[in-house]
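In what comes next, subunit A is part of two complexes: it sits with subunit B in the first one and with subunit C in the second one.
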Partner chain A sequence: MATNCRTAVSPFAYSVPPTGLVLLTGTQTLCKMFKAAVNSSLCPVVKDLRVFAPRCLSLSAGLCARAPRPKPRDVPQIAGLERVSYAARMHYVPGLAKPELPPWERGWKDPRQYRSPKPEQMELYKEKPCYIYNQRTNPLEGVRQALWLTKAKLVEGLPAQILSLAEDPANQIEDQDVRVQNAIRHARFWDTTERRPSRERFCPSLLHNLLHLCGGLQATHPGLARRMLADKYSLAASWSRGEDLFQVRGQNGLLLNCMSPLPALAGQEEIQSTADHVLETFYPISPTIDLQCTHVYEQKNSIGFREDYPYPHAHTLYLMEAGNTPPLYPEQLRAKMIMFAFGNALARARVLYGNESKVLEKPIVVQSVATNGRLFQFVVFQLNTTELESDSGVKNLAWVDADQPLYDFAKIRPLIKKKVVRVPAGLSGYQPDTFKKFLALYLHGAA
Partner chain B sequence: MALSSLCSALRALTVSSISTRTATSQVFNGSVLNTALLSVWPVNCSLPLSRGFLTTATLGQNRTLWKQTDKYTIRPIGVKKTGGRDFTGKIRRRGIGGGHKQRYRMIDFQRLRHELGKEGQEIVEKVVEVRYDPCRSADIALVAGGNRKRWIIATENMQTGDLIKTSSAIGRMAVLANEGDAHPLGALPVGTLINNLELYPGKGAQYIRAAGTCGILLRKVNGTAIVQLPSKHQVQVLETCMATVGKVSNVDHNKRIIGKAGRNRWLGIRPSSGQWKRKGGWAGRKIRPLPPMKSFVNLPSISAKA
Partner chain C sequence: MAACGRLPLQRLLSAPSPRLISSRHVQVESASPATVYPPVLPSRTAKSKSAKQRVLLDFFEQLRGAEPREKIRELTRVQRMKYVVYPQTFALGADRWYQHFTKTAYLPGLPDTFSTTAEPDQHLKTAIDDSALSELRSLVCSALLQENWYMKKGRTFVHEKQKRSVTPFLTNIVSALVHSLARTNPVLRLSSLDFDPQVNFYWVNGERTIPRGHRRGRVEPKWFQIDDKPHSQIRIPHQLPEFVPLEAEISAEVPAVQLEPDRLPLFRRQYDNNICIGAKLEDPYSYGHTQFHIVPDKFHRDRLIKKSLSEHIEVFLRANAIASLYAWTGAQAMYQGFWSEQDVSRPFVSQAIITDGQYFSFFCYQLNTLALSSFATPDNHRKNLCWGTESLRLYETITDGDVVGWDDNVLRLLVQFLLNKPQN
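The block that comes next holds the complex of A and B.
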């Protein structure tokens, strides 16, 4: 019937047929319309598929495996000469313009569907960008970049006071080696019913076991009781170097807090001698590479705790590299340690002395220990000055002891090559010096 | 939302409101519904304006959506293999399929891409890492300069720690071409081996990117340069097109021996049909004259001058 043919063919025919054509008989109309539809360039599905027509209205965009079309040109808006749109018709009509519809508002707040405003419209937007070092930063140049950012001089090895603490027999735990090896075996073998605990499991387990061992010395060292371990605290410290603003932000790891500050490790002569040291630059790479550059920021300086916290001084920061989000090489891990130790020290300095830049009479010392379950990195950072804008003047000091293995192998199955056991199963290659240094850093300030 | 607009549109077709409208074209003596359908066609401003609604939906195939990103990143991106199939699902190129999974590293072929705020200056970058790329025969190098890192095609003797230069200056004297540096063709001395050649200035390198290949800069002719490609074809491009100096890395790529059918399958090459036709004409060495030089320079035509 003529009526049916009209509605049936409407998806394909884009022109309203003139009245004269419609008065033909039904089948003839149907054939003509279908042929017109088929022969038109707007219906490539029926035609040879190897020819890609520019418009493919019968196939949706998701089915075509082509790059998206370039956007059409901007039509100039002339008042009084706007194009007629199909808004009033309420459906698409070929030949009429797409109407300018207002952006749809939900009307109520759906927490799962939230579009954040553009950075320029946010309240904390500033013209000058800020480079933020957060816990996920993976700096390309590693320790050199951290030293430039913190205006610090690198000293290999731990300072003499801490090394003497390590060697002192009065500071040892009884059966120290046996107990440490048992702690390692617990973390690496005995912690789960699975054959092999994952790194995310044994790394924090080992660290907590070692801290528990060190905490057992409270009987002989009463100063150890005036400390507190805190996890998941957020640090914020901001400073400027040259023309750029920098910030250290984020939840980094376990922090051991103390009631009294650590004594300064380097004397005044050593501090003044750092003024001659020239900071190492790495042209052509800029020191701000890999830092998060943002225009929406707040220059915050906060130690992560309230002012009336009974343990205000940061003593040691324990970082764990358990292979998750994102994995860091030892070089980058040491850079992270330096940056966050500096951040803690700077936040403390801002609390004590305000935002003014000056050389500190009483330098602030913060220690840091990082581990990936086997290798330990020790960093002691001494903040001598908050004058960080220029590259000259007194520098801060960073003692770095890198890649100290606590043990060589902790294998579930022995390594056998050519029927000879090369590495036995269980714990092997235990190094007692590493735990002595760990203990020395723990006891520093209380022994 | 689609439902509400559908309802509001259909509410306009209620029986009670038909009598208020005048149908301009009463072509068919159909039912009341047909009349209602037709009478909506003339403009009726009393209807609420609402967005049109779709009665179709996309299938949501992520066939090429994995590569529709504008933001550059050095992180490798997972690739969806096509198996030689096109958007209809039929095989368009035979012999492709399977193979080891690959991740695509976005290569920056436009060497002369400045950072924001540093346009016009010479770019110096340090090579951080040279590594194998599963998506191409050449090796790729991660270079870092200023505040950004990017992947580029490595040249033959590129090592970690090298400094490479990219400059857009064309002086009267030709530049001493160091391997790995990128200069416009007008600044390079005649006879240098080049790779990653741009055909149009600013478009990005399109030619001479495969392992071990190099082109030769033959002549420089008033504002254009003529380059011989690895296939011995000659090409004329503007002298402001950038090119990198040296041969592309992985020079012994064509000397490798596949060794077994399995290695070809690891590369994603499926076996060919093996049917031999005597008169195929594809095998054997062909000796024929070079085609005329292709010019990518829009010189004003003779008729335009006249």
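The block that comes next holds the complex of A and C.
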């Protein structure tokens, strides 16, 4: 499939009609055929269609296909017998051939008129392609694909240590439910002069309000002071699975960095028992589907900060589905969380242990929280090994807690069906457990 | 002659004769509380100035007993051409004009509660000790270095430098300092921290004669609107304590500008009139604590110096503080039900910090009056007060992972501002 083929095609350019045109039925319209021709792989550039379009005067739809334009014949080049051209005359002369002029060079660099060289001529070109997962990737197989790419085993629900942190009353904020509900109401109703704030506004507003509530616990948990938030950082991590190269690249979300690493959640027995687990494949779909395939790449591993950064350990990655990025289904959002948590962990492992593939004695844990303003997804990723080429051996672990609603409805106007109020106006259906898990993930490592 | 034959009436009436007493006192006691005739009021529907005034005063009477929400709705319902006041403005001398529009007296320096001297204040020393201050210093330094040195960032456009490094730096230090100081100042734990809030205010000050058009020669009020978007703000559930009493005599004067606002330049537009503190009326955090503003690239001091407008650096900061804080405190007062005909019974206090990443300026504002053009209080002697500092440099430069030329006084002032709390 040709990429970005925006130029028009003339059917007369083909000596043989493209197969797409022949197979279309009589019910197809002219423009659909036109589109098929444009999107087919043989798509030469033509300047103006209107001059060459034939008149189709028949009444039946089946005869509306454009006859292909005959190609001009290949003119043989015989040395010594070139046709006389009007190059020397410096202007068009009827009867003389069109000269082959060298391509015009501007002579100076105009930043608005830059044509990039072909991929094969770029300095970072490599024969072997690399599949890159970036912030716009929408993987078809979602979490299964992410688990295969990261050689991880899925565990439903959050680990027991974090759940116990959530239930511990010493870790609660005073008037927690009231304050969280006020935070939700502020984000969903009160934050604007219009009737309702848009998702681009209420989603980050809700996340910052919740983080502000959690940060207030610094008075009782002094370990929370050793953290720093970083927005718009760029991650780079590369690894190979089987014969393919993979990379995780780009900006992804808000990262909470910590001075000390998170403790490992799964003991050695659990890690060794993952060796028996078989990774789920989804043949005939390739695990590289929907990843950006490129031949021009650099195998970079970088946490996004310099080596002497005082907060080198990635703690939690906050992703927002706020409507200003290409939309993702919850399954794909969870895949994105797993991939970027893995990318952070792998980049840290490369810094600590270099590029060698080995099983880590001290597994690296990175958490991730994603929200669309109402539903929260929690992922905790533990990197146990960097031996990712083969499918066997110790696997990484991913605890996923999916689709936790913080509240059911936040309506400006009540939903009334058949004169009965089904959903009242305001905030309804608040679930306190979701915020407890959010708080537990925040406090993990400092409580 | 007839005149000589008449007895003087006064002597007759004032003589204490028993025959005249009862008839004399009848006229003195006729002043009873129940008025016999209704008050003589101007018409409501006549095409006269007094009729218009009566309609207006009746409307104000109606509003006196209403809820704050209804008051705000009625006062902002009708859209009219109004002067749009931009807190961050290129206009030269804007601080004097804005003081005139908002009836604010500017006092250089900060109120006595804050100390700007090199020796640490006793009050500050008892609040946080040196180790805590050094922790905060390392926090701010780390945030600064993270944005300017540690984080690997690509190139940006010239006009987006502040957005790239100063905005995330300020976000980080505001949240980090608020969380650290929540231990010492419990009101910060009960605060709401908004990022990119919308602060709006709509008010009337003065009158103008319409110069041309079919309404030429008529007198109409001058409406103003401020639409501000600070970088962040802290809102609390209770009011901050006042700096000076409401009726205190302050020597600083409000500058009077004789020219019309169009000459500033200030332009008029008609759109929705909004009054907002950053959140709607239902929010329990309805009082303001501190606002944080960022100087955009357009008004960065290097750029202004290059254009030989170095005086405008401080003028810009003062104008920004006066306009933003007047809008914020005015909106807070309106949320409590005060307006120009029902003036504030207690002062509304807020603070602001304006920075361009390297230089910080601190401002305090006390709103003493909303009645700038009021029928209820035509000779209003109260004025609003704004204290402010010049821009103080936090650090000199950043080289190779080190902050050079750090100034602790700026950090101390910042901490003092955040430690300000209501009296209870």
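The rule we apply is simple: the second predicted complex is superposed on the first by the 368 of 447 C-alpha atoms of A that agree within 3 Å, B and C clash if a C-alpha of one lies under 4 Å from a C-alpha of the other, contacts with A are read in each partner's own complex, and residues count from 1 in each chain.
Throughout what follows, a contact is a pair of C-beta atoms (placed from the backbone, for glycine too) under 8 Å apart; a residue touches a chain by one contact, two chains touch by 3 or more.
This one's a predicted model, so the numbers in the text were calculated from it and none came from an experiment.
In the superposition on chain A, contact of A:L140 is made with subunit B only, not with subunit C. In the superposition on chain A, A:A219 makes contact with subunit C only, while subunit B stays out of contact range. Using the contact criterion defined above for the overlaid structures, shared-chain residue A:L101 touches subunit B, although it does not reach subunit C. Touch criterion met: A:N182 reaches subunit C, while subunit B stays clear of it. Of the two partner chains, subunit B is the only one touched by A:C293; subunit C is not. In the superposition on chain A, A:Y114 contacts neither subunit B nor subunit C.
By the touch criterion defined above, A:A88 lies against subunit B but remains apart from subunit C after alignment on the C-alpha atoms of chain A.
The residues of subunit A shared by its contacts with subunit B and with subunit C come to none at all. Subunit B makes touch with subunit A in their complex at residues 1, 9, 25, 27-28, 30, 34, 40-41, 43-45, 47, 49-52, 56-61, 63-64, 68, 82, 86-88, 124-126, 128, 144-149, 163.
Interface of subunit A with subunit C (complex): residues 182-183, 185-186, 189-193, 204-205, 208-209, 211-212, 215-216, 218-219, 224-225, 228-234, 302, 304-306, 308-311. Of all the residues in subunit A, the ones that touch subunit B in their complex are 2-3, 6, 19, 22, 49, 60-68, 86-92, 99, 101, 104, 140, 282-286, 288-289, 293. Within the complex formed with subunit A, the residues of subunit C that make contact are 135, 139, 142-143, 146, 149-154, 168, 171-172, 175-176, 178-180, 182-183, 188-189, 192-195, 197-198, 200, 272, 274, 276, 278-280, 282-284, 401.
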